[in-house]
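So that you can tell them apart, the chains are marked A, B, C, D, E and F in the order they are listed, and the count of residues begins at 1 in each.
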Amino acid sequence: MLSITTPGKASLASLALAATAALPFTAQATTTEARSERGAEMIRHLNNGEAQPNLEAMREEFPFLAEATEAYALGDVWGRDVLDDRTRQLAAVAAMAAMGETGIMRVHAGYALNVGVSEEELKEVIYMITVPAGFTRAITASQALSEVFAEHRSTSRMESSQ
Amino acid sequence: MLSITTPGKASLASLALAATAALPFTAQATTTEARSERGAEMIRHLNNGEAQPNLEAMREEFPFLAEATEAYALGDVWGRDVLDDRTRQLAAVAAMAAMGETGIMRVHAGYALNVGVSEEELKEVIYMITVPAGFTRAITASQALSEVFAEHRSTSRMESSQ
Amino acid sequence: MLSITTPGKASLASLALAATAALPFTAQATTTEARSERGAEMIRHLNNGEAQPNLEAMREEFPFLAEATEAYALGDVWGRDVLDDRTRQLAAVAAMAAMGETGIMRVHAGYALNVGVSEEELKEVIYMITVPAGFTRAITASQALSEVFAEHRSTSRMESSQ
Amino acid sequence: MLSITTPGKASLASLALAATAALPFTAQATTTEARSERGAEMIRHLNNGEAQPNLEAMREEFPFLAEATEAYALGDVWGRDVLDDRTRQLAAVAAMAAMGETGIMRVHAGYALNVGVSEEELKEVIYMITVPAGFTRAITASQALSEVFAEHRSTSRMESSQ
Amino acid sequence: MLSITTPGKASLASLALAATAALPFTAQATTTEARSERGAEMIRHLNNGEAQPNLEAMREEFPFLAEATEAYALGDVWGRDVLDDRTRQLAAVAAMAAMGETGIMRVHAGYALNVGVSEEELKEVIYMITVPAGFTRAITASQALSEVFAEHRSTSRMESSQ
Amino acid sequence: MLSITTPGKASLASLALAATAALPFTAQATTTEARSERGAEMIRHLNNGEAQPNLEAMREEFPFLAEATEAYALGDVWGRDVLDDRTRQLAAVAAMAAMGETGIMRVHAGYALNVGVSEEELKEVIYMITVPAGFTRAITASQALSEVFAEHRSTSRMESSQ
């Protein structure tokens, strides 16, 4: 249903997101195809205009999980508009760090940086996590985040030097 | 931003909180007494100007835990200023819901409402939680939140009718 | 295999379920309305032809969670056909017991009994759970299951005496 | 150290426990009957000479779980002798508090008090738990422990007034 | 210690399993030696007639854990007969995936394939797991399963080409 | 910042620990600087007189987490004196193993060996953990502990050969 061909990803995606604000949920995307398309658009929005490699790798062997991640998780849930991008990413990172799920947390921390969350804000979430989830998971998450920060700075330098 | 009108200590503490924004962490509150005081002020800020009954109940039998909750969790962590009140509360509720810790989550959801988070925003956190933590914990958290909403509306009605 | 006698919609949906066996996933239910309908049918199938009270209670305050539970969890996931009803329910009870989520586990244990899983089979899942998740969660789950068994026998007696 | 005066079986089992110190594990109790007997003796040792009501309640509906708890958990594991009673109980309470399993934790905290662990030592375990598992679970555990303390003091008063 | 020379693993194990069906639990294996023997036989049944390398590696440094895994987990629990092999393995994989324990889950997913569970059925368990445990753990588990599938296909090809 | 030049690590640390025994908690270390100093001393006590590399690595990017770990976790909590070193380490290892947090568990298992806990006692904690947390996490923890034992023996051999 979304036939957008991204000329300038951020601006168009922002428009798309803005456009959903006034619509009731069920009107947003009612077919699996439209929900998947909205999810794919959300991934490009969060991932610098690119597809998510883990998701693409899942498509062949775990097609239902790939489709559900795209249509439900990214399309239905991440496509909602009451919380802004930044708050949703910070809350998602908090939940994943608290569960000890640092693998997927890294992906969402990268998304957070891509939509304008600062490194300082991500660090604050890890500091806060010591209260509900303890120092052990906070320290483990901090080590994963340090690697995300290093990769993101490296990518940003490469892009800005082009 | 702090609209609490309690004079005396509260206003001083509010000043202290406002003043910390430009200070490095170690300068904020360096004695246990000052850290506890800052924690107590934070609780009043989050809890409509009142002490937190669970915390007060802990003081006699678990004095170190009560003091650490006040000085470290509320004073050191919640007293930080990179994240605003609302984002920190939403991320804390996300972490607690993901861990299945609905008891303490109720307290923090109540704090969130007190500092201006809307019911709709708390619901969004629960919707998001289905992705990292599943439907089971999201549904359990939603049932706890419904009770928090009912209590909060009841309290608000009583206050506005006085 | 579906012995539900509710005429009209139920029989149609039963036909739909039967018909999906040879179809690729995306062909099964591609609109949110159809997915929700399939979920509602699945609930009636699992819950003796009745709606699920917890889900109905969620509809007002947590409409997206209610809809996602119905359309995604019950419709998309439980509506799949590679695993039979009984195996899926036993695996779901195992996962919930291992996570310590006895509240929702009770609902699914009840569903399991409704679709022909025996009490003995549910007990075996709890015995097995001592290996991945320990005796603590197994014992807690066993206490919840004892209550489910008692309720189910009471309901069955009432129905058979009518 | 075992001050239980139940004659016959108990004294024999006490002898067996005392005798195991110098024996390799496989020589300790090699039949299911002997392992269960050792577990039953361990329960009486931990529970003021009485059976454990939850375990007895399990025997009818979950006989394998009751037997495994008695023969494996209490007999094989708790019957080992490298750690003393007090250290094992404190470590078990730490693990259960960290997992958020306060129900069974209450039973083991009561056992700990029965074998001479002080309330102060149990409180220290809860304080320590803030580091690996966070304040949320520590506070929840502290509330459960307060109830255990109150019950235990009440029982002790009743016994000493007889 | 194990003197059985498996002439045809599957047939012997099947006989052993079949033989237990009519016996009450306590009659099945009442000495530690017999329980361990039954566990060792179960491992060969699940692991293509071979010992489990992780378990063998534990024997020297963690002898009680190795013995308890063999005698209790594999012998007592996996040796029970109310659930068939396939259902027990699927429920165990569900529990381990829900707990985020992908390391041991890989071992049990391999066992599942060895006793005739299809890749499609294991995938269904992962799809189902999104409901109780979320997409994060389901995706992590799917990545581990992909590696198990690749190893198993490689082993099967080598065997069939001999 | 730390100006202590440990003449004989163990003796100084023992003195420091002994000195705190008679003081009420709030009198022990009431400034952040003193709490951090006490934490740094505790680390040297637990880590053969050396700083903890992970903690030092955190100081640059996660300064609040590094400071809180030092001042609160090591200073305030580990600096308490109701439980002796060995019992606290065993309980901490139990909690971390039960949570599946083997990374930080390795650090604390190493500390335990450094303060005189035997390998046999650590193994007993893992055996005990099968009861509250299951065989899966116990086996995973046993594999991590085997590596800690090997490293510790290697370090001890190097030191004793100098």
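Everything that follows uses one rule, which is that a contact is a pair of C-beta atoms (placed from the backbone, for glycine too) under 8 Å apart; a residue touches a chain by one contact, two chains touch by 3 or more.
In UniProt terms, the chains line up like this: A, B, C, D, E, F = 4-carboxymuconolactone decarboxylase.
Owing to the predicted nature of the structure, the values given are computational and were not obtained by experimental measurement.
Asks: State the smallest step count from chain B to chain F, taking one step as a move to a touching chain.
Replies: Tracing touching chains, the least step count from chain B to chain F comes to 1.
Asks: Chains touching chain B and chain D alike, please list them.
Replies: Touching chain B and chain D alike, sorted by label: A, C, E, F.
Asks: Matching residue numbers in more than half of the contact pairs is the bar here; say which of A-C, B-D or C-F clears it relative to B-F.
Replies: Same contacts by residue number as B-F, out of A-C, B-D or C-F: A-C.
Asks: At the interface of chain A with chain C, does the proportion of residue numbers present on both copies reach over half, so same, or stay under half, so different?
Replies: The interface is built from the same residue numbers on each side, given that over half of them are used by both copies.
Asks: Measuring from the mean C-alpha position of chain C to the mean C-alpha position of chain E, what distance in angstrom results?
Replies: 26
Asks: Can you compute the centre-to-centre distance for chain E and chain F, using the mean CA position of each chain? Integer Å is fine.
Replies: It comes to 36 Å between the two C-alpha centres.
Asks: Which parts of chain E, given as residue numbers and ranges, touch two or more other chains?
Replies: 64, 68, 73, 77, 80, 96, 99-101, 104, 123, 127, 129-133, 135-137
Asks: Which of line, ring, star, complete and other names the graph you get from chains that touch?
Replies: complete
Asks: Of all residues in chain D, which touch chain B in the complex?
Replies: 100, 123, 126-127, 130, 135-140, 142-143, 145-146, 149
Asks: What does chain F use to touch chain A in their complex?
Replies: The touching residues are 54, 57-58, 61-62, 64-65, 68-69, 73, 96, 99-101, 103-104.
Asks: Please name which positions on chain E make contact with chain B in the complex.
Replies: By the definition above, chain E touches chain B via 129-137.
Asks: Can you check the complex and tell me which residues of chain B touch chain F?
Replies: Touch residues, chain B against chain F: 25-26, 29-33, 35, 63-64, 67-68, 72, 76-77, 80.
Asks: Inside the complex, what are the residues of chain C that reach chain E?
Replies: For chain C paired with chain E, touching residues are 73, 77-78, 80, 82-83, 87-88, 90-99, 101, 104, 120-121, 123-125, 127-133.
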